[in-house]
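Across the two complexes that follow, chain A remains constant while its partner is chain B and subsequently chain C.
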Partner chain A sequence: MVSKTEETQLNSLENQVDNGGGGAWEYLCLVRKLKVRRSDKVFKYGLSILNDPKKRSALGPEEWTLYEQVAIAALDCQCLDVTKDCIKVLQKKFPESKRVGRLNGMLLEAKGSWAEAEKAYSSLLEDNSLDQVIHKRRVAMAKAQGNISEAIELLNKYLEIFMADHDAWRELADIYVSLQMYKQAAFCYEELILSQPTVPLYHLAYADVLYTLGGLENLQTAKKYYASTIDLTGGKNTRAPFGICLCTSAIAQVSKGRNREDKESPELQSLAATALEKDYKQRAADKLGLLTSALRSMKF
Partner chain B sequence: MAEDLVLDTAIRDWVLIPLSVVMVLIGILRYFVSKLMLSSQVPDPKIVKEGQVIVRARNLRAAANFIPPKSFRSRRVYFSNEENGLLFVPKGQAQNAQAQMFSDPNMAMDMMKKNLSMIIPQTLTFAWVNFFFSGFVAAKIPFPLTQRFRSMLQNGIDLSSVDVSYVSSRSWYFLNLFGLRGLFSLILGEENATDDTQRMMQMSGFGFGPSKSLGAEKDGLDIVQHEWALPKFEHRAEAVLKKLIR
Partner chain C sequence: MGLGFIIGVFGVLFLFHAAYSTIQYRGLLKIMEEEFSGPPMNVVLELLLGFVFCVSAALTVPGNFLSIHPDSEENRIVSLPANLDFMIFNHRAKALPLEIDMKLKH
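After this line comes the complex of A and B, so read on.
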């Protein structure tokens, strides 16, 4: 995850480059370091650097990394000819390279020739069965072809070996949620919370999944995780107070007959509602009426 | 007997500085040689998996209080149960790891190469220092030392009445050996092969690497008491919201 300072730095560099100031190379380096996906800008500015022979020679050995970066950005922007040229240059320089082989596989993927891409990837995997990026490309291919069950299988096998890769867990959780397999998604989100406990995004997603699963225990747990999201974001998140209101009313409905008192946090729901009203007043005053009527129907 | 010896400035010009310069140059040379000799080692899948298991188990221990008790318990069982728990290492295997490491030809070669690249330059430089720069006082250490250090620091100097703070060039060599690490990380970037001290520490613990740490993780995991932190969060969220509303 990108930190706040890095994000501001990236945005300021982007503005600078967009408005004609220099600094394209620093921008490209930062994009590469943070692994953000800004393919159109990378493509435009990277290509301008590569086409200018003076600037290109000024880069020295970094030139080849720039070729790789521009090739991938061109794939994303569907300019396959540019990618082919870049790969040709790289192949001349590094004939037996696995990285170039990977780029070739990605080019085949982008063209849609799935079988050939699969063949290319399997041959690369034979040389080095532990290449994480190639495994992930295979999962992406399966997903792009619409073969979600195979994507899940491949991803699970990948995670059996590389179980500390939290990006993979995140992808798996997304896939499970899209297939409505909420129990498995909950497991994946638990893994994410374990590896990065202070990221509020995962708490929120976990709470959403638990709320969707339903049942008294899950609702109570969901409420707690919505509360932790509020705590971790300092109250700035808007979904979490909504989640709290919904959970509290759902719990009240489910335990209607049992008369359980909520000893832990009686005021939480009213506080959440008030915070929401205040937020809406500040940011979207015209929708305030909708909000108040919705909240009133939840409280009964 | 704290007489102040006056040391010739020629010593500084012709001993201390050349010695440091030579050591820096040798370090840079070793760095490039090690880059040339870098063999692309195909990582062993079992070792990679074990490394990842350890990271995951460590995460579990560290953040155990953030997930519900049931999930924590099921994960703990998954990791440490007797039959097929990930961290469980039967006693027989633990011994094998080290023997395996030495019998595996690739790994043995690699360790040999790393050792050699470290030992040979050190030995040569040490011999050179001894041959050329012995028999005189090279420097004075600014703080007083006890008599015990005499044999270590004053090796070439055969006068027993000289204050222990006056040391021979051998000790300057050792000082440089450990001290130039910072300089190397400046000029060569973070990962450089001249990190002898780190490597020496690594070698002592390397033998049992994987299975010992697995066992350690398992014990750590068994000890953890799960105290669910989430209820606290509800109260904290209340406080946050109260502050916001104000």
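After this line comes the complex of A and C, so read on.
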């Protein structure tokens, strides 16, 4: 979870390192802590630290974590030779390590030799059949090969054992949304909201899925979840007010022919629209015209 | 940290001294066979002073308080982690060569 202060810290450190101001090690530590995927920069600056023997010895025991981080970044940037060298160094230091075995499996994956990678992962699983990360790597491999149904099956089996793994639920929701199986995706997001009710981004994603499903009840629930997102973020999320405006106009359209009592007060939509206009005026004043015309067409 | 700590120590000493004075005052009243209605005014003043010192030390010594608002800048979640456990390497970077061709030098 990346909070706002951490994001600004990360961006300022990144600017500093990009403009040659030093602080590469702090940047790498922050990237590792926040679990963001900045593989090109990690690769460049991590490798420059590792190639400098003075800086390398200044790291002490953290050197090996840096080797692992650079190895994974090199895989992402497709520099497989660097990964091979890093794995060799790590294997010399930690001969019987599972983590290095996992890195080997990832290298085989990146090379495209799926069968060998599968063999490597199954041998690692034989020693410890409850290794969470290896199970997840097998799911990722199925996804990379394009075999989405097998990925879903593996992920479901994994979630039967490890029901509390939020990342896996989120991954399953993403896969379902990509296949347009929105009801199942809504179920996954409900699990996420149950376990972590204070993360507004889950509420937002759930509301998006419900809005896409459509139908009067789903639209009303989506509006409630957009409202709870606004509540949890203190109004600083831009997508949620848009969601409220769209939901209100969609509800008005769906219930136009139904002649029900209009319980929906139009205040929420006008408040959301005002908040959006204020936000745009502050941050992107040149786009304010677009916004007002879009909002006007939604209100008819 | 040093000043807060010293203030805390003084506060505790004042409290102990006030307690000791009250006990002595009660002993004195027992000798004079009068009723003990309450400690004398200056002991009460010392008690309040010790209380204020202890509370200010307790607030300053442990350091900065963490924010509890969910929408404050430190707590507001801007983006979710990138789910690195499910990272796949089968993406477009294969076709885009990296400009710097670096190698591990040893």
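Going forward, the second predicted complex is superposed on the first by the 265 of 300 C-alpha atoms of A that agree within 3 Å, B and C clash if a C-alpha of one lies under 4 Å from a C-alpha of the other, contacts with A are read in each partner's own complex, and residues count from 1 in each chain.
In the analysis below, a contact is a pair of C-beta atoms (placed from the backbone, for glycine too) under 8 Å apart; a residue touches a chain by one contact, two chains touch by 3 or more.
Source: prediction; values computed, not measured.
Q: In the superposed model, does chain B or chain C contact more residues of chain A?
A: Comparing touch counts on chain A for chain B and chain C gives C.
Q: Go through the superposed model and pick first if A:271 touches only chain B, second if only chain C, both, or neither.
A: first
Q: Now for A:63: first (chain B), second (chain C), both, or neither, which partner does it touch?
A: neither
Q: Quick one: classify A:234 as touching chain B (first), chain C (second), both or neither.
A: In the superposition, A:234 touches chain B and chain C alike.
Q: Touching A:150, do we find chain B (first), chain C (second), both, or neither?
A: neither
Q: Which partner does A:133 reach: the first (chain B), the second (chain C), both, or neither?
A: second
Q: Quick one: classify A:14 as touching chain B (first), chain C (second), both or neither.
A: Neither partner.
Q: Touch test for A:116: chain B only (first), chain C only (second), both, or neither?
A: Touch status of A:116: no partner.
Q: Quick check on the output: what are the common chain A residues between the chain B footprint and the chain C footprint?
A: 234-235
Q: Flag every residue of chain B that touches chain A in the complex, lowest number first.
A: 42-43, 45, 48-49, 52-53, 55-56, 59-60, 62-64, 66-68, 71, 230-231, 233-238, 240-245
Q: Within their complex, state which residues of chain C touch chain A.
A: Residues in contact with chain A: 69-90, 93-94, 98, 100-106.
Q: Quick one: which bits of chain A touch chain B in the complex? Just the residue numbers, please.
A: 128-130, 160-165, 187, 190-191, 193-195, 197, 221, 223-228, 230-231, 234-235, 241, 244, 264-265, 267-268, 271-272, 274-275, 278
Q: Residue numbers of chain A touching chain C in their complex, please.
A: 1-5, 7, 34-37, 40, 43-44, 47-48, 50-51, 72, 75-79, 81-82, 85-86, 89, 106, 109-110, 112, 133, 136-137, 139-141, 143-145, 167, 170-171, 198-201, 232-236
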